[in-house]
């Protein structure tokens, strides 16, 4: 059969075209579990700061799969053998790598299920799909879980310091946020990627593209992912859920939360012993809309604290974030609490200590642009010599930039200035 | 006071930066009525075909406001007097021009309120905001409703064949859909726009930018807005709502529809005599999420027709669209109905005539790239001579391309081929 | 051997990367005959209007070769057999397709050799290279001259209404001139190109990309290639050469013309009976610099007419172009001549009829966006049905836009207005 | 008069549009001294590595002037007073800032005139233009030479670590070389620039744009300006001129060098006591074409060394560059010399020590991305507190990257490997 009818083409502002092979890949894309990702924003609350960053995890998943195709084709051109089954398995693993994300992913991850990480859910969903599809995902799961020692580079494409996930989301997020400084030249990275002794390496002529990639990642953390207003919006959302759980614990009616969300809020499931079937099924019903719909109605809740927090959220009257010079001391914490209580009192809101805790929060942000121990990026300096990026020529100074950055901050009401 | 602290800057992938004057403009942007637009996609169901076209009416509203600023500043540079109040009034009118849109706007517009058009709602909301803000929107409303005879060009910027709405959405939609052919050189249009005898005209050197704009608009209709799959998805969504209303009429419980949506489905309000206060309030609670949440739960409805339609929607198992060579005759209609019934029967679904009507639909698409009668685009050919675009030099042949295009089509189950 | 070391990569702002296979292709690129194209601007005098349009025929040749690779690889993916020799032969033919261009190509083409067309020279150079390289260009020459009936589509890639030459130069010129309206979505054209019954066709889903391509080409003619100022600069350059030849004919010393240019000006070779060896050798020494160097020194020529024309050229004091409503009549010609003479007299320049003819010129511009007779673009409407583009659905109206456009004009001194 | 007819618009791929005020600015642009810059490539021999980097100093000069307008308008919006005369003076100074560059600027700068720097020539030309134009450039010259203490920030725009020259050329060069990693977000820099206590500072929200700017500059040095092949081509060109001067010194006929170039080669003028009038006049005749024309004919010189070097240049048969681990010792130098002599002998070329020196060269490359002492970039951290960039928050680690990088290298024949 003519190959050209075996593909479907989607347009994509990031990669131009996304070519989807018909068969299992297209079936998976149209599966409700993957379609669910259309209703989960890639950047969570980031759209509150970057108005056009409204793109979903679905378009990221498609984009990553397209990159996987380009990379695998490119590796084949460089004489690395990749069988059709391995090709397809890798595509599936990349397509599904984030399928376990829940609503407002990172923000709420720990609020719905205890002892939980979204990778666990991804694997649970992949296994469920595999059962539905009679084992068609066997190889994909082995690659995803790094149980395919024959070709370790396939797993590295899915999870490493230079994985396809990062390549697509950095590029995609920098375009949709229009943060020029975070833009990555993925085309050159793709062109200079190759397999050396079973592992992914970058040819020497790609070294500056890697430097740029690491620095861009650093800037995206600084400017976007850990943006002051994003931090404060995240905290507001978490406090809304903290309040809701407390209200539920005290027997208050939730007033119009979505049924699936209600399941999680009432049952507080845990993933300590794996993910129960009933939890999985409810989880697969959840998406961002459950959260937004609930907040919309909680604006009119009887509880004045919940209502106030949700009204703030709807009108973008967020808290302020103030970065601190060091770990906050008891006196500062006391000061912020008292100022908060005073403002709440003036606004006729509950203002005891317990109430105040919903209106401020001390925390610290953490970012790490590149981790070179154990899992670094390797540069093929000469025909038979690969060195870890931080040890390559011309790059030593870069490493200073990749040390983890920890910044303490406090989120608080705009009515007062923490530093005065 | 220093002007530079009077502005807030947003990033935007389309225009680079969006500068928002603090004061009433920023207050309006943060108002829940405008924030609501974040939850309504600009292109409705277009994302089902163009995966990255997930942008909201909110980012379009901001983008349009930014263009308005650029255009007004540019007109001032060309010695057109625009007072600060007129400047602000126009910005407000542009910012709010689509605030009356409801969920899945064009698709569902006529399904929620009878005798309704979203412009009516826009005006109602603007008046409500004006009351809240003690008349601060007076001038904006006059400009929006063309009751400002002193400077007719201000209204032309809001509603004409070359209005700011179109400039922003064409550009924005072509980028997010990655339909290269629909891309418009708005920068040149902006630079060559000016006021001549009170009306907006384009300087002669902008004539090819206008030609390109009209042709791009034509291509966006052909390739995007009236794309086969978009047409079929629209029809599926409308049929879901048709079924729901019928079920409600027969007293069936809606099972988990959102409260606001339920209000409209049960009460079937009409706008014949204007928009009642209660209707307005419920409308302001509605957004795309109400629709998506409802469909998510309707998948499990007792009614097999509704459940089937909603399951199709969730897994993107859409109908097929077949364009017809002419108006369909009775025989074709009969044929499609019978084939539909046969397929439904085989799938164990209700398959009488009444049931079948939810699974196919005859209709026609309509597009018109440029309307030159009464309201055309004017070109300033010489210092004192403006001519309507279709009468300018070098453009006569274009006009053939701007005639309305009407294409009959049928949407039907994929199981059969209409033309055989 | 590892394939990845068999390629060299160049950066290109139009296509991202240009991959050059080592071996004959790289040898040809480094050959002085091809390197010569670095010193001939792709758009001739276009840079006088579009300051950044300074790109050379060399970068266009590389870009076209890159497109050829992409297209051939794509056709192979669609199961069209192309042997390594055919692949290389096509690349060579595309790389060299413009190698016969002379300085300021279209402007001066007929001024250096009589009865000449640059394609003749291209072929002569290809044959010379073929002799040098012991027949390595045999197949390339057969493909270039359409003497390869086995696979007619290969020649169509080199010379047709949709050839690679046009795809690259339209895209490249629109970027460097920054004429947004002339931009072509070549990626979609590439993706939808295929071979059907031995000929290049476009799959149906590429039809709007073709429409856009034709309209973009039309706009590039209108806005760029036949821009008023380009027309007038071309005329000025031709008149400089007309004057020089006349001076040489009357025995005047050329004062510092470049030796190769002098050869052509003095000998006036003809190509009626093919291209003589000596002519070919001198031609291969010529590039834009010979023209610019000569004009630089001719500014100080004793002949006041030549000096004046060359000074105009150096300071961009060009003539004015006025488009006429119809074929100019004798009275208008008389009027322009007399006005010209009057101005020349006032400036103390020779002002008899013979002198005046260097300062004005009547001519007409000609453009044709698409020629559908005999050699049109074919659309694969259904599995087994190809139709010529103008007969395909939805495109009929386009054809009106593709009729040849002929515009009479006069180029004259800026000191007077022709229409008054 | 209507302002809109007082401007001329040019298209530019980097900035979209370049708006040129009619009057002195347009007169200067059309002046032969500025038009001369069209014939000098911005990146010298960089086009040999980056085929599309063929842009001239002319388009850079226009682009810089456009940026100057945007910056000055922006500063005015932020309430910095700039008079019309200061505005125009700054534009002139920016437009002319590079007018003193000679052919193949940096490569040949020290080869034409001794004790020379192109800034001296820029000033000499500005003064010559000022005399021609009756003092119209008085203020421009004061600003250019930092003799305008009233507004020091105007000179900072022309010459500092963040001057307009760099902003335009970094952006322009990164686009034309298609080196993605060197791309700079100039729009954000423009938007966040302001005047504080008479000096240019960057608002805090622009700090990452500055970080990106410095890192991009670093990468452009590493990847482009000091690219191995660029270094080797530069050396080849310099050696050609070294040989030519030696031949002239020994009384050999230059065979077809351009007259102006011959003037410099024969007279070896010096700038120790300023620039003599006759030198200035000849210099203004010189451009890249003089060099390229001469090399074209020197290929056929009688001297076998000159002929060989020029043939290499024409067919891009460049030397190889090998970076060294440290300062080369006598033994290495000896080794390279002997290997060179051996190869020359085998090729039948002169191969004594004196001859060999034209075929290899030891040198070191130097780059410095940011110099913070005395003239750093200042960040406005708070309303009344500006700090130098390297001392601002979050940037300390950057500084490691900005230390001068010195890399010793040897350029040599490709026939041997230095490290073996």
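We just call them A, B, C and D in the order they show up, numbering each chain from 1.
By definition in this document, contacts are C-beta pairs under 8 Å (C-beta built on N, C-alpha and C of every residue); 3 or more make two chains touch, one makes a residue touch a chain.
Keep in mind the model is a prediction, meaning the values are calculated, not measured.
S.K.: Counting only C-alpha atoms to place each centre, which chain is farthest from subunit D?
M.R.: So the chain farthest away from subunit D turns out to be B.
S.K.: For the interfaces A-C and A-B, which has the higher count of C-beta pairs in contact?
M.R.: Result: the pair with more contacts is A-B.
S.K.: Indicate the whole-number Å distance between the mean C-alpha point of subunit A and the mean C-alpha point of subunit C.
M.R.: Inter-chain centre distance comes to 51 Å.
S.K.: Whole-Å distance, subunit A centre to subunit B centre, using C-alpha means?
M.R.: Centres of subunit A and subunit B (C-alpha means) sit 31 Å apart.
S.K.: Would you give the residues of subunit C that are in contact with at least 2 other chains, written as numbers and ranges?
M.R.: 16, 187-188
S.K.: Inside the complex, what are the residues of subunit A that reach subunit D?
M.R.: Those residues of subunit A that touch subunit D are 180-181, 183, 185, 187-188, 208-209, 211-212, 215, 219, 222-223, 394, 397-398, 400-401, 403, 405.
S.K.: Using the touch rule from the top, collect the residues of subunit B that touch subunit A in their complex.
M.R.: Against subunit A, subunit B makes touches at 10-14, 16-18, 30-32, 35, 38-39, 47, 50-52, 54-56, 58-59, 62, 175-179, 256, 258-259, 285, 289-290, 292-293, 296-297, 314-317.
S.K.: In their shared complex, at which residues does subunit C touch subunit A?
M.R.: 2-4, 9, 16-17, 77-79, 187-188, 191, 194, 203, 205
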